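Common to both upcoming complexes is subunit A, partnered first by subunit B, then by subunit C.
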Partner chain A sequence: MMNLFRHELRVSRNATIIWTLSLSGLILFFMSMYPAISSDAKAFQNLLESYPQEVLVSLGISLETITSLLGFYSYVFTYIVLCTSIQAVQLGLQIISKESRDKTADFLLTKPVTRTSIITAKLMAALVLILITNGIFMVVARFTLPLFSDQSFDTSTFLLITSSSLWIAFFFLFIGMMASALLSPIKSVIALSLSMVFGFFVFSMLGAVVGEETIRYFTPFHYYDTAYILAHGTYEWDFVWIEVGLILVMGVLSYFLYRKKDIY
Partner chain B sequence: MNVIELKQLTKRYGRTRGIENLSFHVEEGEIFGFIGPNGAGKSTTIRTLLSLIYPTSGSATIFGKDTVKYAPEIKKEIGYLPSEVFYYDNMKVKDLLKYSARFYKKDCHRRMVALADQLNLDLDRKIDDLSFGNKKKVGIIQGLLHEPRLIILDEPTGGLDPLMQQTFFEILRLENQKGTTILFSSHILSEVQKLCDRVAIIKEGQLVKVEKISELKANSHKKVEIETSGEINERFFELSGINHVERGEHLTRFWFSGNMNTLLEQLTQLELMNLWIEEPDLEEIFMHYYEKER
Partner chain C sequence: MNLYLKELKSSRKSLFFWSLGMVFMIVAGMSKYGSLATTGQSLNELMNTMPQSIQAIMGIGTLDLSTPIGYFGVVFSNLILIASIHAILMGANMIAKEETDKTAEFLLTKPLSRAQILSAKLCATVTSILLLNIITSVVSMIILSAYYSEASSLTSLMLLMTGMFFVQLIFASLGIFIATINKSVKKTSAIATAALLITYLLSIAINLSKPLENLQYLTPFKYFEAKTILVDQSLDPLFLMLTLCIVVLFTSFSYGIFKNRDLQI
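What follows is the complex of A and B.
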């Protein structure tokens, strides 16, 4: 199992480095816009006020907080989460489908290893890669924020907001894994992973516009509402438990399906 | 002892045909051919034995153990070469083989070097850059590396040039002399005849026959085609062993099974312009030879 685990890390090493660098670049780029906004906060708010309310809501912009450092950060962070979600769902989809697509399943599955240990090793590797990506991002973001503002910010709120990318990534990792156990072989992992993430994302935007509370239960992007975290300095634990439950169910289902699956 | 035993093994896919009630066994130490046209179910059978896919009904044992229940344990002693060779991106031949060996927790370095030498394969090349034949060699080494007690080969010779094929067969014979059992699937009869002791013939997912190669040879037909300048005397066709006659103006085709010398004696009586004697391919054997079996 260690053999396979190490192999998996090696296979996805380059992609993970690229993801991590891109996310770091992205947050530097986003935050570099902050000085312009904070120096003329009033004018910026006036500009936003002229927008229709629905647009602001769907984009997750809150007029009260957008010009504060953490408020702005949590707004641009939405797009970081979008990226880490795509990475996670891709890793999840690859767990089972990649070997089939590359014709390497015949190699791996004729080795003296159980399917359970195959999927476990691959899942562990994906978890480690996601942890590394989000962990490095967190460090980079922590040191990027003070570069563009003298405002002090509450570290624990910052950590709560930033670590939500990790929790959402876990959701997408497991839903990706389950989808690949169901659908493998998958022709285009990229197409499927983009449509899954953007599907949930668009659904979240619509949900925000409609203002329907129940919709929040159906999209992981709403499980960690940054406005709530900013205001209360904690998560909404109902949603955390829902996510934990979903992950368990999807995990068990993936193992079950993969153990029974015919591999071509 | 039976190394492989199939009991009413059946695999059905939605609409497409799989295999239906296959029962046969492979004895320890033999080279067993598994032969049938493309799409007959050879790969399906092998993949079921390796529990890449699971049987719809029936069962199979390898080394006396159920193939589904004891899959990982059984696979310690199996070397498998698939018909389509796998490769991981960006890996050197050496790295892939070492990766493979680590699954068996054996030090296979010396054997790897020796086999690569025999097959004339450069271990330091990237697999992506190899030709189809060379990738096949990687597959062969990977299958033999851990000195398995059972080697399963699915159409292994595709892409190997005749010289390499010979080397490969020599390696297999050597393994066999050490006591290794070999299951060799192919759609080329001559290949199987060269190597195997017994064969199972499969067609449309069903077992047609299990036969010793020696018996198959005794029953085997030759395809004869002659070009003559004049008419052929009717009496020629009365020779026993001639069948499936197709007569044209100059070209005449028929099948012959029996004593070659008698046929040749008779042929010298004709005004021959040209003569071809060849082995019928498997499809033809199925079409003609097994017609009369029913």
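What follows is the complex of A and C.
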């Protein structure tokens, strides 16, 4: 089981390095725009002074949070989460479907290990890879933010926002694993992973535009609402429990299905 | 011809689900229009003075949210994203699936030249992205006409959907191109994902930052945007030309490479 775990880590090593580097580059690239945006915001705020009070109240306050350093970071962070989710769902889908695709399933299953320990080893490896990616990203982001602004920011809020990518990635890892236990042989991992992640993503963008509350329950991208974290400095625990529940259900289901699964 | 029909038949089910997703997005997006329409008007004037980068962060853009078609523009930017994913996957899968399913040898023993095979697959891809586009257009039209009936919004809708079709064409030809040049399916998947993410994130970055505007030629998501189409009431001829060049280039490269492709079985 330890061998399998190490083998899985080694197989995905390059992909993980590429993901980590691209995410770090991405946050550097996006944050480098912040100085321009913050000066835009200041100019606009001066212009707002001449508007009636009620407009200022409805707009000015949200403008201030949105264009603060952490506000802009959390906007950009939405797209980081999109990437980490794709990584996670692909890792999840691979857990079971890769062996069938590469015709290595029969080889693996002749080894003296139970199916439960196979899936456990693979799941652990995927979890470790996700942890590494998000962990390195967090460190990079922590040192990128002060580069482009001398605004001080609340570290615990920063950590709450940044770690939400990890929780969302876990969700996608498990949904990917369940899908591969349920559906495989999966013909095209990329089709399934992109349509799942972008499906949820577009759905949550629409939800943000239309401002519908119930949509939030259906898309993990809204479980950790950055606006709420910025305002209150904590997660909305209802959604955290929903996610924990969903992950447990999907995990148990995956184990259960895989143990009885016909392997092609 | 048989191959074309076979390909259409095998993409029937996935097309159904993609259309369902599109319809769902349109309905979910437009259902909220009524409540926003009233508050939109008073803010419009103020929004126009807002710097572009901040509009982008607030998710508004220069669209006039008080008209149904302006509001539809917001939904449209999401529709175009879904349609592009569908197109690149269709394109890449058309080529890659023969090798993953181990049917490539069977197909190539048939009395068809490789060019004929690719042509049939190309036609099938174009047909299914066109079908997705038509379904989206019809559903959007029905929903928009429920809000109000004015001829101008219909022509705007047609323009938007034509723009979307061109973006779909670009991504489909890109998908086919990626699948023909790469040997392994794994690599094809990785590159297609990267291409999609990079072009999408680049379009977001361009919205945020003026100096990056010159990069707009690199991402199809910037070619036919709702905010410019709805103001100009026409598609930008420069981008139309560019689209044509890109599609022709990718397609002809694909023919060249596919002819000599080694099968990976």
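Convention: the second predicted complex is superposed on the first by the 242 of 264 C-alpha atoms of A that agree within 3 Å, B and C clash if a C-alpha of one lies under 4 Å from a C-alpha of the other, contacts with A are read in each partner's own complex, and residues count from 1 in each chain.
As a working rule, a contact is a pair of C-beta atoms (placed from the backbone, for glycine too) under 8 Å apart; a residue touches a chain by one contact, two chains touch by 3 or more.
Given the structure is predicted, the values throughout are model-derived calculations rather than measurements.
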item: Contacts of A:Lys111 with subunit B and subunit C, given as first, second, both or neither; value: first
item: First (subunit B), second (subunit C), both or neither touched by A:Met205; value: second
item: Contacts of A:Tyr51 with subunit B and subunit C, given as first, second, both or neither; value: second
item: Partner chain(s) touched by A:Phe30 [first = subunit B, second = subunit C, both, neither]; value: second
item: Which superposed partner A:Tyr264 touches (first subunit B, second subunit C, both, neither); value: first
item: Contact breadth on subunit A, by residue count: subunit C or subunit B; value: C
item: Subunit B versus subunit C as contact partner of A:Ser195, first or second or both or neither; value: second
item: Subunit C - residues contacting subunit A, complex; value: 14, 18, 21, 25, 28-29, 31-32, 36, 43, 46, 49-51, 53-54, 57-59, 74-75, 78, 81-82, 85, 89, 92-93, 96-97, 100-101, 188-190, 192-193, 196-197, 201, 204-205, 208-211
item: Of all residues in subunit A, those that touch subunit B in their complex; value: 3, 7, 11, 102-107, 109-114, 260, 262-264
item: Subunit A residues touching subunit C - in the complex, by the definition given at the top; value: 15, 26, 29-30, 33, 36-37, 40-41, 43-44, 47, 51, 55, 59, 62-63, 66-67, 72, 75, 79, 82-83, 86, 101, 187-191, 193-195, 198-199, 202-203, 205-206, 208-212, 215
item: Contact footprint of subunit A on subunit B as seen in their complex; value: 47, 50-54, 71-76, 78, 80, 82, 84-89, 99-100, 102-104, 142
